[in-house]
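Have a look at this one.
Naming follows writing order (A, B and C), and every chain is counted from residue 1.
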Amino acid sequence: MADDDLARPDSGPRTVRNTHPAQRPHPDRLLPTEPRVRDIARGLYAHVRDRPIVSPHGHVDAHLLARDEPFSDPATLFITPDHYVTRMLHAHGVGLDELGVGREALDEASARAVWRRLCEHWPAFRGTPIRYWLDVELAEIFGVEQRLSLQTADETYDAVAARLAEPEFRPRALYRRFGIDALATTDDPCDDLASHAELRDDPSWQGRVLPTFRPDAYLEPAVPDWPQRIKRLGEAADVDTGSYDGYVAALEARRRYFIEHGATATDHGHADLGTEPLQTAEARRIYAAALAGAATEAEATAFRRHMVTEMARMSCDDGLAMALHPGIVRNHHRPTLRRFGPDTGHDLPVRLEVVRALRPLLERYGTHPGFHLILFTVDETVYSREIAPLAGFYPSVYVGAPWWFLDTPDAIRRFRRAVTDSAGFGKTAGFVDDTRAFCSIPARHDLSRRIDAGVLAEFVAEHRPDEEEAAEVLVELVERQPRVAFKLGDVAGAGATT
Amino acid sequence: MADDDLARPDSGPRTVRNTHPAQRPHPDRLLPTEPRVRDIARGLYAHVRDRPIVSPHGHVDAHLLARDEPFSDPATLFITPDHYVTRMLHAHGVGLDELGVGREALDEASARAVWRRLCEHWPAFRGTPIRYWLDVELAEIFGVEQRLSLQTADETYDAVAARLAEPEFRPRALYRRFGIDALATTDDPCDDLASHAELRDDPSWQGRVLPTFRPDAYLEPAVPDWPQRIKRLGEAADVDTGSYDGYVAALEARRRYFIEHGATATDHGHADLGTEPLQTAEARRIYAAALAGAATEAEATAFRRHMVTEMARMSCDDGLAMALHPGIVRNHHRPTLRRFGPDTGHDLPVRLEVVRALRPLLERYGTHPGFHLILFTVDETVYSREIAPLAGFYPSVYVGAPWWFLDTPDAIRRFRRAVTDSAGFGKTAGFVDDTRAFCSIPARHDLSRRIDAGVLAEFVAEHRPDEEEAAEVLVELVERQPRVAFKLGDVAGAGATT
Amino acid sequence: MADDDLARPDSGPRTVRNTHPAQRPHPDRLLPTEPRVRDIARGLYAHVRDRPIVSPHGHVDAHLLARDEPFSDPATLFITPDHYVTRMLHAHGVGLDELGVGREALDEASARAVWRRLCEHWPAFRGTPIRYWLDVELAEIFGVEQRLSLQTADETYDAVAARLAEPEFRPRALYRRFGIDALATTDDPCDDLASHAELRDDPSWQGRVLPTFRPDAYLEPAVPDWPQRIKRLGEAADVDTGSYDGYVAALEARRRYFIEHGATATDHGHADLGTEPLQTAEARRIYAAALAGAATEAEATAFRRHMVTEMARMSCDDGLAMALHPGIVRNHHRPTLRRFGPDTGHDLPVRLEVVRALRPLLERYGTHPGFHLILFTVDETVYSREIAPLAGFYPSVYVGAPWWFLDTPDAIRRFRRAVTDSAGFGKTAGFVDDTRAFCSIPARHDLSRRIDAGVLAEFVAEHRPDEEEAAEVLVELVERQPRVAFKLGDVAGAGATT
């Protein structure tokens, strides 16, 4: 959609008058700077610019699309729930309370005030992907091309708010406009997936929204309310979880329930990647102790590592792809957690060890036909040293997309340059937006396509693959790789890599 | 000053005849190579080339400027005390004794011999920043544009020596010529700061030389002569340090003394970043044991980590910014230490853990208004994984400049590409030269400005910030960020970022 | 040889008709993309393109050149023994049994079938150095310029097979054609080095094939058959290894035997870099326990670390250079090990610690005149943080070439950009192909020359060294550095760096 709009000085009533021309996203943005390489990149990018979006992992709520109600206001859409945005404002001295974090709903005055806080601190976002995404979203979705500032705060707020009242800015309309082909959510094993069922049974809905089985809290006996969770799990599965065997059966049952509701994958995020299995008797013993609140920290960790390998075992049985994204310290600043809750911007990356930690799991299931293990990281040092070498041997292992703090122009470039040597393109898992900011989905996927086009153009200019092969690779990165890795089913028209 | 000189084939009596034109520093050196990006970079660099130098952390001795005596000779100025230079010569088989290390003063013959050793091994420095700095210093400060070699050794020695005898090559004159606006030194808590006071009280001195409170050895009971140090601390503070409470009071008193002498920051370099606090009773117990020489290694470490958090507590009280630069094994080769003393080139970087280690400190003080915590590293892996994400949440945290082994063209580029995604520009601390080589200060800051101009030019060419914003950012990196992070006070004419 | 061939549309009967022109290796491949920088790089590369190959570390069998028999078939030459190739096919679902791994010799039908598996999965190699090496080998050695695919499988197989029957494709002829000046093998301390002696005594052989002393299994009491190994070592050395002192004497004797057969270096790959020495009494005690099968795991590790330092001690005595390449978990997937043996693609890199681990060894021997310690890594994070800073102080330490998973275009670029700041060029060890794929040797060295030429061209374009100096550096990287680091003796015509 971009180029024509960009070429037209006046694209009609939906465009707020642009007082600063450079604010308009440039059609060549993020492409390589050397003119000949940029030409190649332009050509490659044109192949995939308008391809459908495959989003196999993220945090959009299925409810949003099931209900299809208008978004309430610009601040709630762009700021308050998006910890990418609020954390940076917080870093510049803005309290999370000033941004509506932890509050129910914002009234108009509050929403406008929150918007003004963003506009006031807009220079803090220079050079960041957040600034990039928001600029693109505002211009390409909402037709707002003014640079944000205190001077333009009210005008831009009003422009976005006016759009949100229009029917074509409701979630389902945007889903269509964004060209989303499949959108995976992230769900609690006890979730009844009612919104997913509602969408599936709605004949007017043509999209595809899949649940993802995310059992973290049920695998970690150290979680404070673990016995209560396990009880709920039993109720949801209609299985007695009073014993370890019942607990395992309940997890298996809930996985089946998810599969019946369209799930193709599970998703796991623990502090480390440990996968050492326990003898069944030992697992039963710790389970009983944990239910009684008597498991030690070491036992709880051992049990969780055992259960991660059990999840791989179940994946070999039921076919769900397994995504692992460890290495985050959650809720680093507990005073903020206590006041504002989780997901408020202080989950922080730590160093990761992959090769030794995954060995028990991979020795058991790493060559199992059809098993898929997708490894994400926020620790770039494991790209060339551990993850790519693993994916270059184990048929089950896929290199997860640059994730979270790394889904940015420079980090994606480093990713491709680091993993391609040992894993090629065909063992990478395609882009993952991992976002709860619905309107950022197209900007994020487009960013990834631009950067991959640029990297491939550089490869072509270095006479590694030729341009025709590079175009084939890029299409595969955009469509085939996420579909294959996350088992989303065939894509029409995409050639097979191997 | 460079360009005009460079354009002139003969710049007068101060220039040694150039037998090798390429030796003359090129006006475009270190700028990006793609012509259009270089053009942008040239424009950006021109904005900051002649801006004053803010040097908030380094190892120049205030005495040097207080006394303002001529530098003794070229070897003592450029080689003997600079472990950047001597370590590389040592790596190529030159003994530190041949370089005058550990000796009092060099006579003329010795100084000339040391200079010859450098000239003889000049090719060993190819591609290193040391070669770059020295080339620029020799050409731009001393007008020596000949390439160093055994053939040119005497001639270049004589040329530099002749300059050093001239009044405009005395420290204060060079301070003015270099355009230094503020220069922080690094000082022992017991130092009486007499040279700082002398400068402050000298009406003929217009510069600004600030002390920095560096209490490392006083916080580490494992240091061999710790009880004696603590005794001296008590004497300096006029507080009885026989008890833990007196010790804390003495540190607080010395901080006040430093503040009275212009200090705005403290500086800390320990083996790790641990910050777990102790109960006061436990701190008192270990302190007493340590004074009696009876603390275990584990207790000494626990005490030091506690005291680092105490330093943060004091910073919240008295407003000194706190700079942390951990992760160095000091004096790796103890035979060299025994023979030549510390700071002789074998302090070596080790891996760092930041997120978990700093959690206790940051949970307590990370959101304290006005607290500034500047994190340096010699471990590049923590840029994108830990330091930038921390600075992108905690208002107190600033990303320290690429430090020591990383204050080089390529490492600074990697730094900006790694931290900007998560921390933007406004949470970085500006350049730090960290040098004891006075004459290298302008070359080092200029290098940093060139590289930052280049990175920003690449951003502009990728259509991220526009050129006008990039120029604003660059000025902020050069002036505003170090002033803000180290609390050096307002800078005239610099716009606020946030 | 490349350019002229490339310019000629029809290079005679040895060339299979090219159905896809882009497959022909481009003369500018891997050079920088910016036109002016590419021009500089072309000029630099031309200086070293045809220089002899110095290969100081690899896994070609001396037997191959001693016997000089024709290679059996294309699959055995290019696929079956090369775990770089088989691991990637395995990652895409091809069983190692389908590739002939672990079998004795392939009959024609099997060899052809294996070749077809490679051709079928050729797109999996896009962007990898394996694809690059094979493309170049097929085109430049065998004149095969068709892109591999199921369609071209038989035709290309036949073309290569036909060449292999010709006398000029025998190992010695290829050795000459490749321009190899010296080729080091990797050998068991008990090896009688008969092939090396045979070559040395053959008046018709003009090449230089050196053995390398690789004692890993003899230093690790944890190896299952260790007592038997030690017995064999005693027999080979004709020394009673029933005591620790005899064991040390046997190792010293075998080192002398290797030196007598031309060895200039030892080679060591353990799980970590630990070098803590033991008291002799303790070493004797653990040795006796280990021979009796009664050493604990901790004792076995302590003994091995002690012996690594003993190896350094012996190197100071007998002058063998010492190459260390730690940080690999061998045989990660034990089911594959059991079925197919070692070196089957699942040796995987792990994180490395260098500075602390090597301290005991370096404090003892790091400044010993003539001692050379060459440090390789598969963990890129230690380049700028640990290895380059060590090489920038210790005269003995050389930075090993980018190794194994890192001997690729992008990783070599990152290597130069990471180590040059602290270690310059003159403390790096030159390129190491480390290959068992004989025909890949020229492609690998050429790749390294192209990338180094490109990096140096970028340095020149940034006005760091000038073009003349860069050319000098490049020649040194190709010839002088490996010769000096591995003590291969003088090279005619190469200027000294220091």
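Note that a residue touches a chain if its C-beta (ideal position, glycine included) is under 8 Å from a C-beta of that chain, and two chains touch if they have at least 3 such contacts.
Since we're looking at a predicted model, the values are computed, not measured.
Chain B maps onto chain C through a rotation of 120°, based on Cα atoms and reported in steps of 5. For the touching copies chain A and chain C, the fraction of interface residue numbers used by both falls below half; the interface is of the different-residue type.
Once the centre of each chain is set as its mean CA position, chain A and chain C turn out to be 40 Å apart. Residues of chain A in contact with at least two other chains: 34, 381. Those residues of chain A that touch chain B in the shared complex are 22, 25-26, 28-31, 33-35, 87-88, 90-93, 120-121, 123-129, 131-132, 329, 332-336, 345-346, 348-351, 378-381, 405-406, 408-411, 414. Listing the residues of chain C that touch chain B in their complex gives 34, 36-37, 353, 355-356, 359, 362-363, 366-367, 369, 381, 384-386, 388-395, 397, 417-418, 420-427, 458-459, 461-466, 468-469, 472-473, 497-498.
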